[in-house]
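Each of the next two complexes has chain A plus one more chain, namely chain B in the first and chain C in the second.
== the complex of A and B ==
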């Protein structure tokens, strides 16, 4: 699976457990209620373990975590720069 | 699994216990009764190195790791009877100093950290509002972007250290539509036009840690006083909560240990029906339960610190430790009073104050209900 598919899979299976809502990679994760602030914390923990990449505190911002698409781009760029 | 501490770590713990017994043995009862902040003790702690413990040497700190820091705070809780002073120091160290170290610019670090480590600058942390407590990210304080900075409007409540603070780390939204992504941290200095500190708030316990409201009315904050990027406020807040939970709970462990030792001593000395009350199983069993709670709480806490030292996530473990330890401190306080009987209920025996101080622990840094919500979610419920 590529990064986007891994993130979509985690969000659907772990963070949206029990909720039958379709999401697309461009959906606003927080604004549309797909996940909440605790979900963001879980997502950061998941990324750090699954991709073996420490997300710097200052990178946990709207621009990088707005959607799965934004997060995928952020991870691609951040990992390339690391 | 290695449960041992290094000689250096134990030296820190023992040194702080000795320091606390020698230098912090003031009349806490009188300060508690009068809601007085112990300025001298704050300064003595800074001179000893408490406020600078985990901070880099270049800012006046000792660069101790989280395990050593937590163990030292445990020693402070054991040796110092003033839970309010310890709470006030924790409020500054983890909720103001650590965010400045993690998110601040070089200028912000140079401006505030050395003074805070020396005890010359006191910091406060403003997050809670009259209408947003557990739902912290629904805060109403606004930061409107203007030329050269921001204009803050709103208020903060339950702000520890506010009446004595020189600077406050305050959270406001630059974009309410973005919810938690709009929350941003600002360093607001005492005396800034439009910034006022309300009258001290009287409370049940931790009375030597002063508390007040912060009020912002068209308060201009220059851009260089923003902490971290716009929208990083929620992460600053979460980051500080993990440190705070680890270290403030460490002092609870120390206080509970002292409480148990004193309860054992009293139970052995106090005689009723021709024998020491500790010989009655109902009394002995109660003290045994205090000990079981202490040791299980200690293990939960050490695991959190160990995970953080490894750089691993500890959201679930921190919530478990916060929930169990804060509730255990309350139960330990009640059990101590039951052991002392009527004397435990009297202020002059300094037993009841621990219970009053402990109750706050079920509320600050995330209530017990919120900790249960976090644990349930992480369990997949």
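== the complex of A and C ==
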């Protein structure tokens, strides 16, 4: 699975708990209530374990976690720069 | 530090479980004493014993739990605002409140039903509405109403937290301290002018001003993370020392208030000193971010489910304590047995319900039950 598919799978299974809501990679994760205060922390934890990549505190911002697409792009850029 | 927030949430929910099990411990020790001791026994005969001080030590440590939850929630608001937006979007605020209120309503209705079945307590529709609006279905649900208020204020707090954070923090602290000071006449058992009585009698726990500083601190931390992280790390030994000193002083302080007021069974309230302890604890926790914490993965896992555990543990603990009261009152005399039962069931049953729901076809409704 590629990064986007892995993230989408985690969000659907663990954060959305299989709710019958279709989400696309560009959907707003916060405004739609998919991610809350604990969800974002869980997502950071998951990324660090799954991709073996330490997300710097200053990178945990809305712009990078706004959507699955934004997060995928951030991870690609950050991992390439690391 | 971000990962540390989830661990802090995990510690905080464990703290809440211990706090409420200690609360039931005090009930067993004082109010239910005649279930296992002769009727002539003094209600407060066990005050000052080993179990009493064990509970006090736990209570004192746990005062940081609600501040920690609010700090994490405030931090989320900073995250949700982002770097480029002026303030947090109302759509995000609305989604958060919706995700809090639906489980809140469900668990509150369950608490009302339990009140009817167990105590035959039937109130007027207006009284039920009043309880719902003030988080009064159980003594613990005020937290949801408190948090909703902060989320509603957050679009106005964010611009201040970005540009005038020192002023904002100062105002929030002064507001919180002012409200807490109002409780001191009750704590000390002092006579107050009658006009002041309504304010002094009860400052409701759901009122935002009682905890205004903690949420604001979280928001400010989120926006000025680099600066504040460097600052708290520079003084890390100060925070650690202050945590230990204020913890010990807090225990002594409350014992002195009990002696002065003469109210042996007085429920603990947050004192001014407790604020210093909570600040020092939170700062020390992040200042030593490089120190690994035992069972951090498990604590993080608990932290991720903290809201569900918070809502579900209240009825579970109440049913457990009452069942023991009716079926095995002798257990109430042995806190060494009573406490582990409360803690294991108070944490275990909510976790079991959460895990079962996650793995069942009903998981699509999980958010409505456990948030």
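Observations on the model:
Assume the second predicted complex is superposed on the first by the 81 of 82 C-alpha atoms of A that agree within 3 Å, B and C clash if a C-alpha of one lies under 4 Å from a C-alpha of the other, contacts with A are read in each partner's own complex, and residues count from 1 in each chain.
One rule holds in what follows: contacts are C-beta pairs under 8 Å (C-beta built on N, C-alpha and C of every residue); 3 or more make two chains touch, one makes a residue touch a chain.
Keep in mind the model is a prediction, meaning the values are calculated, not measured.
Taken together in the superposed arrangement on chain A, chain B and chain C clash.
Applying the stated contact rule after C-alpha superposition, one finds that A:60 touches each of chain B and chain C.
In the superposed model, C is the one of chain B and chain C that contacts more residues of chain A. Once chain A of one complex is fitted onto chain A of the other, the partner contacts of A:19 are limited to chain C, with no touch recorded for chain B. Of the two partner chains placed around the shared chain by superposition, chain C is the only one that A:32 touches, whereas chain B remains out of contact.
Superposing the two complexes on chain A places one of the chain C stretches 110-118, 128-136, 146-154 or 362-370 into chain B: stretch 146-154. When both complexes are aligned on chain A by C-alpha atoms, chain A residues 17, 30-31, 37-38, 40-42, 44-45, 48, 57-58, 60-63, 65-66 touch chain B in the first and chain C in the second.
Within the complex, the chain B residues that touch chain A are 102-103, 137, 177-182, 228-232, 234-236, 238-239, 311, 313, 315, 374, 377-378, 380. On the chain A side of its complex with chain B, the touching residues are 14, 17, 30-31, 37-38, 40-42, 44-45, 48-49, 54, 57-58, 60-63, 65-66.
If you check the complex, the residues on chain A that touch chain C are 16-20, 28, 30-33, 36-38, 40-42, 44-45, 48, 55, 57-58, 60-63, 65-66. Residues 1-3, 5-6, 9, 72-73, 75-76, 79-85, 89, 91-92, 95-96, 98-99, 225-226, 229, 300, 303-307, 358, 363-364, 366-367, 371 of chain C are the ones that touch chain A when the two sit in their complex.
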